[in-house]
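Chain naming follows the written order as A, B, C, D, E and F, and within any one chain the residues start at number 1.
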Amino acid sequence: MKRVAVFRKEHFNAAHRLFNPAWDDRKNAEVFGKCSYPNYHGHNYEVVVKVTGTPDPQTGFVMDMKLLSDLIRVHVIEEFDHKNLNLDTPFFREMNPTAENIVMVIYDLLRSRIDPALGLRVRLYETERNFAEYPEE
Amino acid sequence: MKRVAVFRKEHFNAAHRLFNPAWDDRKNAEVFGKCSYPNYHGHNYEVVVKVTGTPDPQTGFVMDMKLLSDLIRVHVIEEFDHKNLNLDTPFFREMNPTAENIVMVIYDLLRSRIDPALGLRVRLYETERNFAEYPEE
Amino acid sequence: MKRVAVFRKEHFNAAHRLFNPAWDDRKNAEVFGKCSYPNYHGHNYEVVVKVTGTPDPQTGFVMDMKLLSDLIRVHVIEEFDHKNLNLDTPFFREMNPTAENIVMVIYDLLRSRIDPALGLRVRLYETERNFAEYPEE
Amino acid sequence: MKRVAVFRKEHFNAAHRLFNPAWDDRKNAEVFGKCSYPNYHGHNYEVVVKVTGTPDPQTGFVMDMKLLSDLIRVHVIEEFDHKNLNLDTPFFREMNPTAENIVMVIYDLLRSRIDPALGLRVRLYETERNFAEYPEE
Amino acid sequence: MKRVAVFRKEHFNAAHRLFNPAWDDRKNAEVFGKCSYPNYHGHNYEVVVKVTGTPDPQTGFVMDMKLLSDLIRVHVIEEFDHKNLNLDTPFFREMNPTAENIVMVIYDLLRSRIDPALGLRVRLYETERNFAEYPEE
Amino acid sequence: MKRVAVFRKEHFNAAHRLFNPAWDDRKNAEVFGKCSYPNYHGHNYEVVVKVTGTPDPQTGFVMDMKLLSDLIRVHVIEEFDHKNLNLDTPFFREMNPTAENIVMVIYDLLRSRIDPALGLRVRLYETERNFAEYPEE
């Protein structure tokens, strides 16, 4: 059975800051630098979702890209777009919204909604120069 | 033996439409949406070919990129560029020209022409936001 | 009064071919090359619309980008997306769908729908390497 | 005297929100949509600064790009990077941080620091699809 | 008569260094920094050529893009590609190969070969972040 | 233990040429074409470094991206930026500076400086269309 990967890219804009509430301001500034400024900064995030499986002989699709795009939009983009990741979402109350943690949250939001026979991997671009991927290859 | 991957990107412009001749127009519209419009639409396709192997100590090349580029141009680009994938190529008479199916066809066109000691993987961008890769990683 | 330009980028995928019905096949092939292949080819077109004017002091907007995006989507993208420019649109029955002609058609579709006090210019990317702009700067 | 333009691109990441304090929440939501969410969102902003003049025959430079880059970094990037544009900068207390207004502020920050014999224009990308330029061409 | 602009992008890879032979090494290092290192460095240059005119009613072309691409390739790319701009071309014996000077040389190479009724402007990217354009807009 | 990949992109500009000193000029020209021109050419190289590991629960980082960026800048960028790879670095005296060989050198420069518990892979773009990765996936 020939397995192919398909990819869909979507994007959202959000504010965040990095800090550990168990640490004082000085330690936070030392570890997180500008990323811990108290009033938040933000990014144009790009999400690339990779789904692997066998193309359906009737359609030639591993997965309908319209359906995949809709899943990402409803469960990821609507959750994060134009939001403050620390304040407006339930995920980063006790966990820093680093690219690493955000990409794992996105993976979990999608994994339960995609056929378990299909493989899933998510890449998140925080900027063109900083990005993260889960699970590791 | 240290194995390295090299990549070469080429592009072609083509028309296509998605539909299953075993289905009526309504079913095709339902499944394929705008992609099944009868008079075709098109894309600027980008092909990225990945070849893995051990660099030759005389040249420092896993494979001569000029040779790889020529192979892709003769066997892929000339076959597909400025063509209608459904009507002008032999590959999509009975198979939908989805990104998944096109990338598998391109892989087959190249696999037999590249040294079997070298690994091969192909990625095809239909748009910047929709792409496919074969074989899956 | 300080005048600022704002830009909005949208995209559509379409098929087309270039040919002059007054010429025979040989002349068409000579002038248009691969672009005259009879069964069409296609592109991922990118449209960049530039609107110039004075920002409204209440909003800070030259023009509401959501409104501009909606205008482009309703009057340009829905007209051209996933279409065959020669067969499915009324504009290229007697005029070749070159980047030059398409960009002038898009300009006309938008000009009448945007406040005459605002300046308008349109750029159309046929590929990353071939594009056109109207009116000339 | 031959005049040439040179361009330098820099970037910063910032949070912002759009709203007019003279309006109630409903009016703000109506006009600014998601951009008025109270806890801010953010962007990876790209700034492109264009300087025009005659190349110095000794250097071949219209302006030393290292010097231009330093000016942008000291007076623009350090002012805005990893900041909340509404709260952490003096410019958007009474003026909405739209792309239009930000690009005019950046122009003013640079204009007084660049030789008046040189032309200046600034483009600001809020996203790849929304951008602004001042002064208009 | 409606005037439209068309653009064609090509690229070349070249080595260069910046220095003024009338100055000593210290002055050169002071003014040109790393760009004056004696053994050269290099860039992937991108050239964007803009031609403006009235589309021919028979073809819909301001200028045949194939012809424009051939002109650029014969007179610019073959002259500069895989060359050392200081040593292997006649243009930079007495003039520094800055982006400003290279773009003016490219303009001159093309201007005499393109119909004088057509407007011409050239942009040269030395990197994604440093570029030049001639003549100024 | 959940393993995530993080990526950091940096760039440098350098000159190089490809040739094998054991071969005569004709053989070098035959094998390396334009890349063997004696006076060097150059590229804008992009380096993408991938580090895999388990995010630290205190920071949410697989590795501090500031630290990773500093490591790449000190040990790779300062070594190669604005240099002639053949003449100015110790690595390519007896080995051709192909993308394959450069990427393996960069890997070695970083591997010893990054925690052995973390995975490492490096991708090097010589141009947008030619790139290499080590170790192969």
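Some notes on this structure:
In this text, contacts are C-beta pairs under 8 Å (C-beta built on N, C-alpha and C of every residue); 3 or more make two chains touch, one makes a residue touch a chain.
Note that this is a predicted model, so its numbers are computed, not measured.
Hopping across touching chains, the smallest step count from chain B to chain F is 1.
Under the touch definition stated at the top, chain C and chain E share these contacting partners: D.
Repeating the B-F interface with over half of its contact pairs identical by residue number, the matching pair from C-E, B-C or A-D is C-E.
With centres taken as mean Cα positions, chain F sits 28 Å from chain A. Chain geometry summary: the mean Cα position of chain B and that of chain E are 34 Å apart. Listed for chain D are residues 128, 137, each touching two or more other chains.
Each chain pair that touches appears in this list: A-B, A-D, A-F, B-C, B-F, C-D, C-E, D-E, E-F. Here chain C touches chain D in the complex through residues 2-10, 52, 55, 58-62, 64-66, 119, 137, going by the rule given at the top. Taken together, the chain D residues at the contact with chain C in this complex read 18, 20, 22, 31-33, 95-101, 103-104, 128-137. Contact residues of chain C toward chain B in the complex are 11, 13-16, 34-35, 37, 39-44, 81-84, 87-88, 127-128.
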